[in-house]
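Each of the two complexes below includes chain A, the first together with chain B, the second together with chain C.
Presenting the complex of A and B:
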């Protein structure tokens, strides 16, 4: 008899669980999630979605629903927080992670007992010496420092170490930032936005910012490379900033005219699940985003949202 | 006092004339006619000195094929691998896969039809260097006779 793989086991557990829970009630945004209400007391949700709040307030709510930051960060640990700081853009453009959210995450990490919290991103324009400008314009450099984090440099190859990725199809080897290899806890904080090559940039795509040679992704098969990297490393927690969602001219963006105020935050340990949920928020079915589909096929995570324990909360609702 | 005002007025006029006429100050954009002329001139250069030598000329710092806010670039047939472009890291990129700022693939059709439609125009959104907002760019393409290469130059509308 073949041993069931982890996805099959998970499916079985979910089905069994679902059978024991009263069926009914709407799962629409805007109503509390009653379907999983009984599960919440005994089991950490696979995914938490919070809507209609400010970025920091929504995170406070989401991490509480996820069981608190102590679930992810233990006393004395070193944490790496990886936002998207790719462009020298103000938060209103929706190209970079909201600084209020980054600040709140850092505060929670220290609250949980973290010894050190690092923040960094290998920005798209590193080679042009733009890193400083990106950290400044996005507001993330200041937010991170004010919360007590160390803003680490990512714009020099000396900070990166070569790794090989087993079972990768295109990204067989790459150079990864030392903090990804050394930190005890890795928290991925992407922003949900339009991307001209991949439809959307979310959590899996945000990991391009921890490798040195970003162009290597573009030169081969971008979407396969995005999925391949997740075979090497997936974050301990993914927090998707969908407060302002850029809908056109991504990933760099243009004007606030092309930004939708979604006021949503998603968190999950499962990087494929969080991308699938974010894709829905964006307005696209997850299976249409090739790297999400590849992530699912490679068994990195689950894009079938109906198989997940999702808890939703509407702020003030 | 009147004399001072007159001198000041004259100085301002001279400055304004210089500012708006001199291309260094006026920020004038390339025109449709210039794009066609530069591309066809570049094709003649290829015929005269060969493709490889011409590519080197296009890439020279003070190349006449880089003017105002435009430039001649060159790609191979097939996948549209860039052979010459003022941004060095773009060289080698397959333009068939290129997606514009709006996620469209403008060169896919151009490359597929290049042997029947040997010249024409293609439109796409491009972000000029330093610009916050992408602009609509109209690019003239021209297959070099006897070569498996295409020359292009565009202007912003």
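Presenting the complex of A and C:
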């Protein structure tokens, strides 16, 4: 199988295209010197980390450092923004993605010319009626709607299509939400939080919310299945919300007392790299999180942060 | 003032509100149920008996007094099953013969009423559950009607979704056991057949509430009378009398069967029919059967009141240890309390947002036929929801405030380690621990594997773990608490949130 080659080629194409858009975009924006200095001169960073700002401000900064949303979303494309809405908890608990961040991402997508932006999540506890409560309680449903996104349901099997993952070890086949298959751009917006049975829930774990039968993961081998899914599809962009980081009693969470205000945002196209960085923000070495290690071993991405081009920015400093 | 039109207006409004209560969403149901169900005969009677001296019993007292004044107005104005029959009668108006006088037929209704009360006093709610008109309507609305409505709703949602419109939600019907669906549809069929063939004769033959109110309305202040001087015997009143209670030969109206629908006063051209206060109790000609009925009614009402004093129970779950005891919702206190209060109207089933409530058929024995239970294969009891207690009209599920509900134990969890994936495969699963809202399930690390452990003190029995468990059959299961108890509240130890080590650049990498 010559997958690495084709991936390399695609990467090259994307990079050259991105550079072109960055140059063009920067000319349009009228601030070419700034962009040339940071981005176009070097290549697109593998990972951007921003801290000490509000979720939306940090995203504005981070996406600019990545070269702008236009690098990822082209005019007329449909975008799927997939936050973590898995529990009916308020944002303060840190169990669900920050609604302000989701709203800001959607605004940027439309700003880049997206035709439609969809938001959905298949929640953790699949009892009927809970999905609606999660959308509402997390504040994401309303935030997404106010930004003009289509808040799509994920709580019915009819939206899911069966796929097979050829080189998977445990997750040989699964049912994936049709929006993941149909959207042109797939943006993963997880929250960094404690997960008492896999150590942390970040970007790779967040993809459990695009399949119908999550219990298949639990039943076979949770971490292997999480890594296996990335063989089927990885998001075009991973934006990790580490503004409020739940440190105990995850993934459901307890009270705001167990939440650390890290005020950090991470962006990367590499899902393994962004998980590794987020794991460090949490305070754990990524090697200890088995699915990150498995993802690295499966060549899904790079968990060795010192091999990556990381752009850092501390807001207000 | 046309009393018939007022009756139609009020009853239509009541019926629409009933449909909204049973078919609407949680917010609609909880908002409507309080006021609407306050004046339902059987539920308010149960509240009156079970909570003596409580405000909640006032609904029944008002209903009782109003019936003593106005007769069987409940049957035409407030009874959802009665209004449903009126609708059927109206729909099939042109396809049926005109109403005629029906001979009084008292043996069956009186026997049914006595039997219902007798076995209820002995502790079996089987006939109350089967025959109470409100509950019977509830089951028709919650099962066949709701299935139909949701089917239409989901079709509309499907169409809208084709155009990327997600304003409406797909709604999923709760699980209806075949037996319950059969009972609901058969009872709907019986009511429909009665109403098409002979008007309100279901109410005057089978319905125990109708019979009881009929006995009371013999002594009511306001009754219909025919002015013998004005009446021209045109029989137009008979042809509109759904209860068939106008006797043209004697020019008398049988008050025990009259449902005060005001059709006759509306139909009479000569103003010979009047609804007015009549102090003297009917003449001696009618006195004999009514005296008998008076005795029956005294016995019936007396018996009902005595039912609290004689807690003779036919079935007792406390003695049956080996039986699979159904799990009952928070607020229902104990199996004994629940089975002695629930009339199986299934409003709680209909309002339950996670569809965990489902009607059981004979899980509580014949005496508790069709009373609902929690089925954790269908869903789990949401930690932040207390809707069932909010809507329950009989007090079977007492309304609990959320903080209290969150500490009410309705079952206890147990983990079968021989089936548990983590114990068998030594691989992480955490499906149960992920969803546990009370910290009753927590991880313990042994050799780099996180095993789920249980602390029973914090378990409320909500069933989230059982619902989530991926093994078949479930490795983690909840067994019913026969008497609900209070759990300990979990206070986590002070958490030391250690900041991650940072480099000079402000980031840990």
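Throughout what follows, the second predicted complex is superposed on the first by the 276 of 317 C-alpha atoms of A that agree within 3 Å, B and C clash if a C-alpha of one lies under 4 Å from a C-alpha of the other, contacts with A are read in each partner's own complex, and residues count from 1 in each chain.
Criterion: a contact is a pair of C-beta atoms (placed from the backbone, for glycine too) under 8 Å apart; a residue touches a chain by one contact, two chains touch by 3 or more.
The structure displayed is predicted, hence computed values, not measured ones.
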Looking at the combined model built on chain A, do chain B and chain C fit side by side or clash? clash
Between chain B and chain C, pick out the one touching the greater number of residues of chain A. C
According to the stated criteria, A:293 is in contact with first (chain B), second (chain C), both, or neither; which is it? neither
Would you check which partner chain A:71 touches, where first means chain B only, second means chain C only, and both and neither mean what they say? neither
Now for A:282: first (chain B), second (chain C), both, or neither, which partner does it touch? second
Quick one: classify A:169 as touching chain B (first), chain C (second), both or neither. neither
Looking at the overlay, what does A:248 touch: chain B (first), chain C (second), both, or neither? both
For A:153, is the partner it touches chain B (first), chain C (second), both, or none of the two (neither)? second
Could you give the residue numbers on chain A that contact chain B in one complex and chain C in the other? 127, 195-197, 215, 218-219, 248-249, 252, 254-255
Sort out for me which residues of chain A touch chain B in the complex. 127, 194-197, 199, 215, 218-219, 248-249, 252, 254-255
In the complex, chain B touches chain A at residues 89, 92-93, 99-103, 125, 127, 132-134
The answer for chain C against chain A in the complex is residues 164, 166, 169-170, 172, 353-356, 378-380, 382, 384, 421, 425, 427-431, 433-437, 439, 442-443, 450, 452, 464, 467-468, 470-471, 492, 495, 497-501, 505-509
Chain C partner, complex, touching residues on chain A are 49, 51-52, 88, 116, 124-130, 132-133, 150-153, 155-156, 195-198, 215-216, 218-223, 247-249, 251-252, 254-255, 257-258, 260, 262, 264, 277, 280-283, 290, 305, 310, 312, 314, 317
